[in-house]
């Protein structure tokens, strides 16, 4: 199985974290391709940054998706996920959606632990757009300004664990979701410190991608996830144009 | 007052429809700037096409917004609306949101009449994202394949009126929303044929933009619509970079 | 354009506040008629007081609405709004609904700042009845007993600003709604003190009324906002009977 | 036990239907007082007519409630119910609410069978205001214009039964609610013709009033159903003023 | 009238509390049969314990229901309620549902006061399953470990009253529901200490059972509460098999 | 990896279908134990039958779960799922929940195709209890009475495919869920006949169980999915008692 991991941000250090956790989570025979946004911001906290990230995801998917069995959009908030699902012939998985679908099978209500206050509104809207808002009891966040996003795990591990414990004891969370690609891999390090299951976005996305590839349900030819109807376009990059062209991207 | 009208699609004929209806709807002293997407598709029906459109909106806003009092994103589905609202210092209005906020004051439950079956899912998700899903009783759509999007009003006027009547009599709509920039201006032509108020997206956006400019509430300095926190970026166009730069865009 | 402003309460001092803010908000050529309830209570805090206020609104509308382009029900909680919309041939706007529709275009989630604890339940039910409950993050209220409702702005300005700041920082409000006709005009005085847009009910109602008049969508002849079916009645005042009589009220 | 039955409409023939069904439903020792609106319309189909009816309910309650153990507002849609509950010291029951609370214990999802198309919107909003909208699968209505509201049971019995059967077989209703005081008593006549439990508003209101009197939970001294805070008023009828005066109405 | 009271737990002391409060609440001529689970746990706090309790309820209902007019499942959380309603020919009432339906007619928003923290999640899911989640403002619970469940009223009366007051003043509850069969009868003792109506599960269930028996609506022959379609079964106890057999249980 | 597959019904032929599809879906090294309910009904269509099935699930889990890595409750409607998740130390997966979590990552809105009309209400309540009701557009069902549940795939394949196509074209389903263990394996046979992805419960449960085992998140020690607090019990079978005993069941 071949998975394409798309980091919608420009942070190469975060791509490394993503790839390492994906490697730890994937089945032995799975090959991974990890790519980094050629343009964009250091990390996505807002809707406008997500707009930029979604554009980078399209560019990377159009360039690299062919020959893979599934694609992972490796940022929380899942920029471009529903859009890419229309134009790619293989399963497309997002960190938030995959984490929610995993967490949903481990308990009933969950909390998201996030790396900044600002990021919370975007995460909440993402959860609500999946119809899972009634199961989200809280989003708790670090309050310090972020400096080195690639080193945030080390710098703030204790603070993140404390927030997770509060979410369990004060908010009634059955499951904790550690949110954000910069936290990739932290869940397996801190799980012994927490009294409820802890879910990581990257590993959830990898196991869910594997699950969907195994189900092998085929792609939509009708309905709202079929390829967009043919129509004139202009000025698109070759990568984006390939996504709109029937057969432009081939699954493995 | 100066309004920037952004057509997120490449159809110059639709830009002309938008500008003409905006002219009919605006107060006498209002100046209009209408711009067309430099890249993209002929019209947006799907989430992926909306991703492309949102990117074009950002490009156009970064280039043209300075010196205007408000910006109108002139496509139904409001591509990029919430994102632009974070980075522009003036009100940003979308056709769908403005139509819903107008329709909401004319009745309780509304139906959307749309130009294609495929477009319905995207519209529904847009309405739900505004928390107005409980007031949407139906989306009814033309079932023929679209040919000339700039001439759809003439070609399908009768069909659209018939759908609207069905929405009133079978679905219980109190208000009809004629959806899609290609239908700009149709509402004022057909209102005598329909038994309930009919709302047009472009005219709603213009009057709502005027309303927000009159309220003059100032922009968010905190909360989830403040400008994104400063952080490294790379590879962005000058227009998009201007949107991220404090003071990069100036209101009039 | 001629607007009728109906104060559903007996407080003449509040009518003056309403009229002054309406004058500041309206377009130059707009004429205003402000009327005060001939019976009722000093200000509405509860459902029963709203029942009385709704009755006064009907009386005033039946007496004064003819010859106006739109009617504003100038109390938060919008007593009688949906009822009047059935029987008046011109747009009818309520302070709460207009404020929500304006606030909804400036951010995603809003808080209401209110003048008494007791008033909160009635406001919440009003917001929920419009389907906007998912966007209301909090209602924060003054806790002191109210004395002179016409002077509450001066007496409690600092407290109201403090509540609004808490709503932004603790509740996550993107927009603040200053609720209650007695606060008419306060928003424009305190907006520099608050980090997010602040919406006032009276000015919102005026600009929304202007917007609806400009849209000129016509009135409902079918559906749930058409005039009530003819049927016997008895004992009604001349004003209320006029509302039930076809053509009893004429728009300008 | 003494129950006050308030008909918010002017139809004396409907008051007779209400009283007869209440008599059939009440415990042997229960005394009934049935009163008819001194002003208003023949029957309530719309929000504006409900506004008038709510005003009549207040007038009648202020005049007649003293000395009763509970009050029944005997129109579907429950005009004035929440308002009266603030000012009366005894339980106040509405036909719709009581029917829903009874139906809710006989099945999960219910349909309302109504006497006119127009009446449906008002009923739906009433059900939704009680938070029970998710359990309402349909409202089905007679489509003929109503003539003699006091004779509608005889004239339309077959049509109403047919609508109820459709609601069970096509909409999935577990319980049928026959709506409207003019149908009082029909449920017990047609229950053998229907395959699911059938609930009548008047009998539900009577048994629920008896249930609440038996519970004897006392009235609210705080919270949103306590009496309105004292404040100036003017121009109110003696009956309405009595409702606002502490101790103005005495339970038995 | 004959009511069967089923305690789904093995605590004979709680059965005594249930029966005593039912006796105080029932009409004079009502006969009560109170039975205790032959297997199970001391009290139900969790979903798994509720599964066991539901099984005991089925066993007891199959053995004892014949000859009664209604059945009360006398544990909060209503284990087995919807299931039993399919197979019993008489009304089946649960403590939670009956308390909510009573509370719903005394105010708009309610809080549940519970005897343990752990029990809260199960209660919340129960309330939400009835579609009443929007009216539940809080669940407040004792935090001490439970020892003698039959003596919890005496041991924790003050703490429970304090929680109820907090629910009114901090959470905005209009009505208090004292939850759990071990609190049967406490409401009538503490109602003078609380500023809003207080609802007890056992007395609510009794008066609601009486109300449903009085309505005499007949049982479902179609829809989702009709008896399960005939099909092979094996290994069931005689009591459970009787529930599945047409005519296996007879109402009085 | 060792999976325990629990058929909550007594139909050995269905257990064989479940095991065969699980074998086709599982990774090569996965060992399967399939067990059949020792008591119960032929197949579950109603809430009461689900109560019986949940009891059988507890019995089987208490007897067989030790030594497995995950447990699959192999009936649609997931009888006992949330309850077992409290008492088992390994992941517990249900057919419905797993299918929804898989379907949720393949599209936005889904339809369930079911084997009987009666079964629909129970399925709908199950979906709603997971908070996914807003994504369910329809349940379509065979209308013929069921005879041989083990042979239903062959007998009704064409009818099921026709229902699925209607769900796509008339209801707007993006994904089809073929519901019920008796349909295990049908999805892979008919997927070429359907225009959208088709999800099977058994294969979804197997791949989701594998995903959760791979995530290895540990079990809840606090919150609402921790083991029930210790308390007296009596009369329980050895299997159920083992589930309540700390360490009574051991993961592999």
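In order of appearance the chains are A, B, C, D, E and F, and numbering begins at 1 in each one.
FYI, a residue touches a chain if its C-beta (ideal position, glycine included) is under 8 Å from a C-beta of that chain, and two chains touch if they have at least 3 such contacts.
Just so you know, these numbers come straight off a predicted model, no measurement behind them.
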Interface residue identity across copies chain E, chain F - same or different by half: same
Winner on C-beta contact pairs when C-D is weighed against A-F: A-F
Euclidean distance of C-alpha centroids - chain B vs chain D, Å: 44
For chain B paired with chain C, centre-to-centre distance based on mean C-alpha positions, whole Å: 27
Where chain B touches two or more other chains at once, by residue number: 82, 85, 108-109, 120-121, 125, 172, 174, 223-224
Chain contact graph, described as a line, ring, star, complete graph or other shape: other
Of chain F, residues touching chain D in the complex: 120-121, 125
Contacting residues of chain D [partner chain E, same complex]: 25, 27, 82, 85, 91, 93, 97-98, 101-102, 104-109, 130-135, 168-169, 172-175, 187-188, 191-192, 195-200, 203-204, 207-208, 210-212, 214-226
Complex contact set, residues of chain F against chain E: 10, 38-43, 45-52, 54-55, 58, 80, 82-87, 116, 118, 120-122, 125, 128-129, 145, 223-224, 228-229, 231-236, 240, 243-244
Chain A residues within the chain E interface of the complex: 108-109, 172, 174
